[in-house]
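Structures follow.
You will see two complexes here that share chain A, one where it goes with chain B and one where it goes with chain C.
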Partner chain A sequence: MLHRDTVISDIAVHKPKVMAGIFAAAFVIFTLMGLKDTIFGALMAPVIGDPAEAGFSGNAATGLVLAILLTVNIVLIAFLPLRYQIGIVWLQLLLLFLTFFYSFDLKLSFIQTKIWFMITQGLFTTLYISAISIALASGLAIIGAVAKLSSNGFAFAIASFYTSFFRGIPLLMQIYLIYLGLPQLGFVIDAVPAGILALTLCYGAYMTEIFRAGIQSIDKGQWEASRSIGFGFGLTMRRIILPQSMPLIIPPTGNQFIAMLKDSSLVSVIGVWELMFLARTLGNKDFRHMEMLITAAMIYWMLTVCLELIQSRIERHYKSPQH
Partner chain B sequence: MGIRHIFLGAALAVAGALSGATAFAGETLDQIMSSNTLKVATDPNWAPQSFLNDNNEMDGFDVDVAREIASRMGVEVEFVTPSWDIITAGNWNGRWHLSVGSMTPTTARGEILDFPGVYYYTPASAVVHNDSPYENVADLNGAKMAAGISTTFELYLQKDLTIDASGVPTFEYQITPGEYRSYETGAVALDDLRLGDGVRLNGVVGSLPAMLKAIENGYPIRVLGEPLFYEPLAIATDKGDAELNAKLSAIVDEMRNDGTLKTLSEKWYGIDYTTALN
Partner chain C sequence: MTKTVIEMVGVNKWYGDFQALNNINLKVEEGDRIVICGPSGSGKSTLIRTLNYLEAHQEGRITVDGTDLHPRMKNVTQVRTNTGMVFQQFNLFPHMTVLENLMAGPIWVRKLPKAEARAQAMTYLDRVRIPEQADKYPGQLSGGQQQRVAIARSLCMNPKVMLFDEPTSALDPEMVSEVLDTMIGLARDGMTMICVTHEMGFAKAVADRVIFMDQGEIVEENAPKPFFDAPQNSRTKTFLGQILQH
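Our next item is the complex of A and B:
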């Protein structure tokens, strides 16, 4: 529920039909997965005998036990306070994930030898490219938003053409076009500036729309009052409109930053040694691609979690009564 | 108000950009000598030619050859790592001066790049999964085949490979794939092949040394039959600097004659690929 509900209804675990449904579905799915040859089958050996010879009944027995465990697990968790529920479900999903990765037979010692370089070289590059791009994109977005709201036909046409084009073609294509195309005009730019330029233009286009919406949300009276006491366009924007629209603009901008952090992986195609490039390259010599890809995935994920925490703090800050 | 000024500025910038379009016709060799740096493009996704070693530095046969070329030119070497399709796209505009990337001098590539010297020859082979029934190359007709994008192996499977270099034996197209897929690199194709015969692929065409390296690393694959073709592998430069090409050509010849290339080939492959051809 979005807000605390005043209509009292029974929780799902108290409804026998729902629980029976979950149990039945789990039983069918686990049985069909044929788990008797996995570690679960091995644990069930005292009941079903040698897993290799157990046949369908072995699968069914394993499925039954797992379905019971799952259902009991759900019921037990449901009795806990909300905070613990969330924590425990997260923990269990995380464990499932780790088991999944563990089953790939990864070589952890290989990851250990490479992870530091991935962080100092790869993560560092990813972060600074994203940070520069988001800063430039914000500047571009303000100009774009003002232009889109202006009554000047040229300004509106150019700004809307810009947002339409750069939101309309894939970022990867923009990177290729900028890196390979700009030199045709005489501008030979290196891989890093080309990547930053592509990210800036693409995200600038998305953020133009965010800024425009933010500016438009400010009541017309604010504008009229500001103009009536003699403020010019620039002063009205800087002192009256933008400060009030910031609370609406900053949270989605944080979101854009998180998205850009991951999209910056696309600049690996032009040879920038950021996280994704290293993930593809470091494991190459020893044919350990999975290790590096998973390590990079984890680094991206942890970074995103950190940014999400910061993001929610910012949002809370702007929701507080002082604002 | 201020907006008009911004757009006027933008218009001027665009006009400036268009008029500057003729820049960069200078000699690459001069640029190398004056900056005292030879910028070499090589894609570190192709062990053992070019890869990141345990110290996370560039290493491999191509990298060693590039270092040797730079030292014979009396300049420092610097590596850049654009992806393979960007290197083969040409129009480098001085971003890098030389590609030492085991590139095959095909006629199509010859239109946008120059090939000053062939420095070794590798056999190209087809590999299949260990569990597959294939006995010889002809069995792969109609199979699901793969190779790295923009590689000669891809061209071979598409029956569009013309090798324009002296001393290369002629070859025939022995495989007509039922289905063809291209991958970012050959290594990714091998990852798909290892999943099992026919899961995603039946076979991959690639360079024999790379395949042997994969087998050494425990990939459940085997090489099928005799090599499909031998590809000459050359250093490449951007089109048009004859002086640089003459110099590079002389250096490669020198390296072959004094045995440097042979030593490097034996160091990285255990076999001398630099002259021997069947």
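Our next item is the complex of A and C:
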């Protein structure tokens, strides 16, 4: 939360000027969008007649009605308590999205026949590739962070070269380099391990920086106190520094995990049957691409929502005792 | 027969070009209670921190309980567990409960069984008179309580000498005495201690010797009574004049 002042200001959207502004802007935008030929125009048929025949006035009338609805909606929502505001706005945006998808004329029965396979094969593969990669990347990140903070020239040079290289090259290219390049050196590698390796190396590089910042944020007094009771480097790191860095490391790491979940779609280019691969291929035969893409998109999104919930739980856990 | 716990001979230390310690000679015998005072920036913290090798000196010789301190020594852990350090800012581990703070060293460094470490921790918590706070986190305690926990944490390692670096300077005035009382108790029990502090009441009550430092040097060293009643050096006089005005 932003640190709130105790003075309560008036609700912005209840000021006549703001209300009028919202209404005017909505009216202009909706009118210019020319909505008479959409589902909204069809609903307006009793007023504007056959949408195909109606001219600019049809657009304007549709725009006017929508602008009124939007403005009233916003004004009403502003009366509600915070929790209800959040819920209702979410619901409305979701409905808007569904209308958008609905306009693609999707064939639900086709989705039904494929979705089970998408989940058992695609979602499962996406999940385990991402989970293994993020775990390995975290390990790599700890090593990288310690190396970057150390006074050992070799360690620092290798770690900074590593982060520079893997943050500096597109992930897609890393996947190709590993999958096609390693066999040139005599290491034949399967698509799944190649994908995991590429994701691990790439995200390990980003997370090195996250861990480094987390470690550096700990007060030097903690190191000194730890040393003064006889802890060596390993104990100090494991028992004192890393546990305290966790609240700082976890939010951005959760963020990275969510990003990786979707970046794992890039390994579809080397033929791993994860979500994205199935989304692109399952609809081919029946020319039903949109159905599969949207289904996959929804699955990615729901997964992300789950991760966001888990992340906020973990954050709360690390926040609880001392602060 | 008393035993020498700490010996500093001709110690010099620089931070870059700046000389923080200048030809320090100091001998601490078992049971000695030494108070160090001096203006801010005079090198008191630096001196006390070289004794458990949180800071390295460049010239001269420091021995702690017979061990010579140098950058390549192998038994630094032994030196650090033999010297209990109490910091101005407490430096408790905020993610551990009070009890866990006290048990950390004994369990992971001394390899004591958990039950034994817990029993010992409770003994020392009793001694600093806050056994009821054992399961709280440091952030839930007052400054005075935190500092007493920090003292107990050091005691749990059974140190041969306790080092205090301005242990009451970060405390609200009403909490100073509870920490000083704890330290006086330790002194009565015969603990060897070196204490950087400006609490002159404490110095008069327990110190065998008071050392005045200025600009990295030990300027004057004497028993408390002559030190306060008849300081010899003009810098000591000025300093005492300043702190005793209030």
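Here is the rule we go by: the second predicted complex is superposed on the first by the 319 of 323 C-alpha atoms of A that agree within 3 Å, B and C clash if a C-alpha of one lies under 4 Å from a C-alpha of the other, contacts with A are read in each partner's own complex, and residues count from 1 in each chain.
Heads up, the rule we're going with is that contacts are C-beta pairs under 8 Å (C-beta built on N, C-alpha and C of every residue); 3 or more make two chains touch, one makes a residue touch a chain.
Please read these numbers as outputs of a predicted model, since none were measured by experiment.
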Does the chain A-based superposition show chain B and chain C clashing or fitting?
fit
Examine A:289 and indicate which partner it touches, taking first as chain B and second as chain C; both and neither are also allowed.
first
Taking the superposition as given, does A:240 touch the first partner, chain B, the second, chain C, both, or neither?
second
Taking the superposition as given, does A:20 touch the first partner, chain B, the second, chain C, both, or neither?
neither
Value for angle(chain B, chain A, chain C) over C-alpha centres, in degrees, nearest 10, is 130
Output check: A:186 vs chain B and chain C. Expected answer is one of first, second, both, neither. What do you get?
first
Between chain B and chain C, whom does A:221 touch in the aligned arrangement: first, second, both, or neither?
second
Given the superposition on chain A, which partner contacts more residues in chain A: chain B or chain C?
B
Which partner does A:306 contact after superposing on A: first (chain B), second (chain C), both, neither?
neither
State whether A:232 touches chain B only (first), chain C only (second), both chains, or neither.
both
Nearest approach of chain B to chain C by C-alpha atoms in the superposition, in Å, rounded to an integer.
13
Can you pull the chain A residues that chain B and chain C both touch?
232
Chain C contact footprint on chain A (complex, rising order):
219, 221-222, 224-232, 235, 239-240, 243-244, 321-323
Could you list, by residue number, the parts of chain C that touch chain A in their complex?
52, 54, 77-78, 80-81, 83-85, 87, 89, 91-95, 104-105, 108-109, 137-140, 150, 153-154, 157
Under the definition above, what is the set of chain A residues touching chain B in their complex?
113-114, 117, 121, 143, 146-147, 150, 152, 154-155, 158, 176, 179-180, 183-188, 190-191, 232-234, 268-271, 273, 277-278, 280-282, 284-287, 289
Across the complex, what residues on chain B touch chain A?
1-4, 6-7, 10, 17-18, 20-24, 44-48, 51-54, 56, 80-83, 86, 89, 91, 93-95, 187-188, 190-191, 213-214, 217-219
